[in-house]
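Same chain, two partners: subunit A is paired with subunit B first, then with subunit C.
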Partner chain A sequence: MSEKDIFIDYLARVEGETAIKINIKGNKPQELKLNIFEPPRFFEGFLVGRKYYEVPDIVSRICGICPVSHMTTALRAIEKAMGINPSQQTRILRRLMALSQMVSSHLIHLYMLAMPDYHGYSGAQEMLPEFAEELSRLMRMKKVMNDLTAAIGGRASHPVSAVVNGFTDLPSSQELERRQRDLEKIETDAVKTVRMVSEFSIPDFCRKTEYVALKAANRYAMIEGNIVSSAGLEIPEQDYDKYFEEQEVSYSMAKRARVKDRNSLMVGALARLNLKFDQLPPSVKKLAKEVGFKLPDYNPFHNNLAQSLEIFYGIQECRQILENLKLSLENNNYRVRAGEGAAFSEAPRGLLYHRYTINARGVIEKANIVTPTVHNFANIEEDLHHLVIQNSDLPTAKIALLCEMLVRAYDPCFSCSVH
Partner chain B sequence: MKKNRLAIFKYSCCAGCQFQLFFFQEHVLETLAAVDIVYCKMGASGGVKEGPFEVALIEGAITESWQIDELKRVREVSHFLIPIGSCAVNGGIPAIKDIYPEMEVEKRVYQDLSVIHSVKAHPIDDYVRVDGYVRGCPMGERDLLELLTSLLLNTKPSFPEYCVCVECKLAGTICLLMSEGKPCMGPVTNAGCGALCPSHARACYGCWGPAPNVNAPALAKKFEQLGLSPDDIVRKFTQFASPKIEFRKGAEMYE
Partner chain C sequence: MSKPKIGIFGMTGCAGEQIVILNCEDELMDILKLLDIRSFHTAMSKNDEKCSLDIAFVEGALVHPEEEISLKEIRKRSRLLIALGTCAVWGGVAAMKNEVSRQRLKDIVYGSPGRIFKSIPAQPLHSLVKVDFSISGCPIEKEQFLQAVASLVHGDIPVLPKYAVCTECKINENTCLLLEKSELCLGPITIAGCNARCANCGIPCSGCRGPVEEANIASEVEILEERGFTLRDIYNQLRTFAGPAEAIQTHLAKR
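Let's turn to the complex of A and B:
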């Protein structure tokens, strides 16, 4: 029986450090490991003993690409623990920040991390000058989205003005108008992005799995909602621990999360589109149809296409929110109380969970965080397994590249995963 | 013209500084035209890990021994070695765990500690000589631009080495510490952010780490007068730069 060994000592163009080890005998993988060797970071350990108001600033540093998600999820978990109900204005501003960050994150993933694969390059620098136009488009869009996040949070990466029960400072109406005008300018860029991604020669691979996302009745949920899945799960956010479990993995610093007694699951852009496509505006649906995106979509490589559609959606939704936005300074006072609170958000890469127990002095007694890549971990390995079987006739180097591309398509964040 | 060879190494951190480099706004494309990024795992596959490099940028704190081995090797083959961002410069957020017994922190996260090989978090200059610091969390765009420009012009980069208060005064921002009694870390924190938090009506929380020769004990006493508990004062000085002596001096009085 023929034997092949695949060993990718580090996976490039992803956030954080991981290796892939696969041993194939005949057409079957005998051993298959996503070896996440990123050093563990112990946030859940050292948050214990810190004050509740430090938590959003600290957890924002779990991730340099989705700091807004960690920050907002922590803020909401803390507010729930202390019985605080933030205003409608605060909730809208948080949604704007979440959407703008999602677009930025997807942009970087598509243009700089995923795209080189589809044109046979090692990275974005090599793509110059051939793809100079595309990369300038990326920079143009990225700047508009960063400026929007910064207008609300004070800084695009690790925002500063978002605090418990509100914001310390609000953008001026002139600033909001400028951001709105900028968004208008990149709408055609967004359409071009969707078309560009739809032309990638995406590997033909399908494997049905359980898709999980946050869903709300009246909008494409980013921050508040219930957890729903394609296999019929529908639970409120505080019940997460009853249905999900996390397990340590001997060869990886990241844990794996699953729904108890079920197989692996997938979160992220493709899961969101599979579960909430109906809630997108007609313009996004029309573009999706034009580029051949059909539901349900079981090809994990299509996560890239789903991301591009979310870019188009995110820009439109931000514009719409800004159109009707009138801000006024609010009273953000609250009382520190003991309690336990759990919250979810849709980070760019999928479902993110934070839970805190806080004592009467406002000191954290227990912290639990489950990131999108921890949710996807088992599913990535399952997909790799089937991808290898399907392509076992190919030369080893080709199989290795396909495996790399698959992991990248999930847009994993290994730094987050070992938080 | 021969391009400068630049490499980026990541240790324990959020990768936000590398992303800052990628998102370097309007300067990205001109930077790529001027500098050859020969090793950057997050940006490109392959690459020349062995060097030599004109500049090695180091992101993240040291929390495992293999990182020390690699770092020393990178030092040997790099003309300039520059830590970027608070984790690499000051230990940053990863070093919060340094104030607790390591095993207590680890046990709260993992049951099986046999596969955990962490050590206390250290800044880069605890292990190798460095040629400057690009501070910030994430690293400041102005300082990064200064570094890359100096590299091209072959001049010595000039980084601000004074506290946030100077930037507040220049911007005409009202002092939150003196006039509003907010526990602001501005008097001990290195400038470069443009006094970002105070300009958003929020007390500085020290994310750039200490400026040289600051008087942390005096600020700690001020915090006590404002009514902060000893524990709260210790937390102030251990959030972003717990290994740094300048901040340790503020925390030690109340531990």
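Let's turn to the complex of A and C:
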């Protein structure tokens, strides 16, 4: 029986450190490991003993790409623990930050990490000058989105002004108008991005899985909602621990999360689009149809296309929010109380969970964080398994490239996954 | 003049400095033309792991023995080694509880009886190799990075401010959060360069850029104690971003 070995010792163009090891005998993988070797920083360990108000600032440092998600999710978990209900204005500003960060994150992934594969390049520097126009478009769009995150949070990565029950500083109305005008200027760029991604020659691959996302009644949920899945799960966020479990993996520093007694699951842009497509505005639906996005979509490589559609959606949604936004200084007072709180958000890469136990002095007694890549871990390995079977006739180097592209399509964040 | 050969490397951290580099939207295209990037794992799949480099930018802290080996290799092949970001310069958030045993942290995170794997208390790069220049910040400020690149490609060592965030904050005429509002602000002992970003938003400085040279930590601690903060809270904040810094360690050893 023929035997092939794939060993990618340090996967490039993803965030963090991981290796892929696959041994194929005949047409079947005998051994298949996503070895996430990024070392842990032990966030859940050193948060114990810290004051609750220090947590959002610290956990934003888990990730340089989705700091807004970690910060906001921690804030909400702490607020839930203490019985604090933030104002409508605070919730809207958090949504704006989440959307703007999601668009920036998707942009970096699509243009700089995923796209080189589809044109046979190593990275952005090699793609110049052939793709100078595309890369200029990336820069233009990313700047607008980062400026929006910074206008609200005081800094694009690791924001500063978001605190328990509100913001310490608000952007002026002139600043918001400028951000709105900038957003208008990149809408055409967003459409071009969707069309560009739809022209990638996406590998033909399909594997049915359970999609999981946050869903709310009246909007495309980013921060608040219930956890729903394509297999009929619908639970409030505080019940996560009852339904999900984290398992240690002997060969990886990251754990794997799944719904108890079920197979692997997928979170992120493709999961959101599959579960919440009907909540998108007509313009996004129309563009999705034009580029051939059909529901249900079980090709994980299409996570790229889903991200591009979310870029288009995110820009429109931010603009719409800004159109009607009038900000005023609010009283952010609250009382420190003991309690336990759990919260979710849709980070760019999917469901992110924070849970804290806080004592009466406001000190953290227990912390738990489950990141999108931890939710996707088992699914990535399952997909790799089937991808290898489907392509086992190909030369080893081609199978290896397909495997790399698949892992990248998930836009994993290994620093987050280990934390 | 041939283009300088550059490597951008990550030890353990959040990749925040690499993101700040990618966030130099107005300048990145020019930077890409100006430099010959030989290694940048997060952004390129063909990386030259052996060639000699003019400048190595390294972010992240050392938390694993393997990283010590790879950092030494980077040092060997690089004319200049630049530490990027607070993790690389001071140890960063991963070093905030270096006094706690790694096994204890493993038990908390991975559950009892605990995983067996290698892990060392987080250390800054200069604890192991010579660092030619440091740009701190969590994350770094993109202007400082761009200034540094501009100087370095011209063969100069960049010049960064040597005063404290407190000075920037006073120039901005902010209300003093430490003296007037009695908040736990580390502005007086933290190295400038962020233009007092947090205090401008009404947030006390958390010291994310690490200590300024000759920081008077004792006096800062005394002022905070007078304002009712416990030593535990003060030390926690001091150690959040720059625990291994000599100034902080020396002060803690005296108490």
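Simple rule for what comes next: the second predicted complex is superposed on the first by the 419 of 419 C-alpha atoms of A that agree within 3 Å, B and C clash if a C-alpha of one lies under 4 Å from a C-alpha of the other, contacts with A are read in each partner's own complex, and residues count from 1 in each chain.
Assume a residue touches a chain if its C-beta (ideal position, glycine included) is under 8 Å from a C-beta of that chain, and two chains touch if they have at least 3 such contacts.
In this text the structure is predicted, and so the values were computed from the model without any measurement.
Upon superposition of the two complexes on subunit A, a steric clash is found between subunit B and subunit C. Of the two partner chains, both subunit B and subunit C are touched by A:112.
When the shared chain is aligned, subunit B and subunit C each come close enough to touch A:125. When the two complexes are overlaid on their common chain A, residue A:48 makes contact with subunit B and with subunit C alike.
By the touch criterion defined above, A:389 reaches neither subunit B nor subunit C. Residues 10, 12-16, 39-42, 44-46, 48-51, 54, 57-58, 61-65, 67, 108, 112-113, 116, 122-126, 128, 132, 135-136, 139, 142-143, 146, 154-158, 160-161, 163, 168-169, 248, 253, 404, 415 of subunit A touch subunit B in one complex and subunit C in the other.
Every residue of subunit C that touches subunit A in the complex is listed here, in rising order: 12-20, 22-23, 25-26, 28-29, 32-33, 37, 40-47, 63-64, 67, 92-94, 96-97, 100, 104-106, 108-111, 115, 117, 119, 122, 138-139, 197-198, 200-203, 206, 208, 233, 236-237, 240. Remark: subunit A residues 10, 12-16, 38-46, 48-51, 54, 57-58, 61-65, 67, 108, 112-113, 116, 122-126, 128, 132, 135-136, 139-140, 142-143, 146, 154-158, 160-161, 163, 168-169, 248, 253, 404, 415 touch subunit C in the complex.
Here subunit B touches subunit A in the complex through residues 10-20, 22-23, 25-26, 28-29, 32-33, 36-37, 40-47, 63-64, 67, 92-94, 96-97, 100, 104-112, 115-116, 118, 137-138, 196-197, 199-202, 205, 207, 232, 235, 239, going by the rule given at the top.
Only residues 10, 12-17, 39-42, 44-46, 48-51, 54, 57-58, 61-65, 67, 104, 108, 112-113, 116, 122-126, 128, 132, 135-136, 139, 142-143, 146, 154-158, 160-161, 163, 168-169, 248, 250, 253, 404, 415 of subunit A touch subunit B when the two sit together in their complex.
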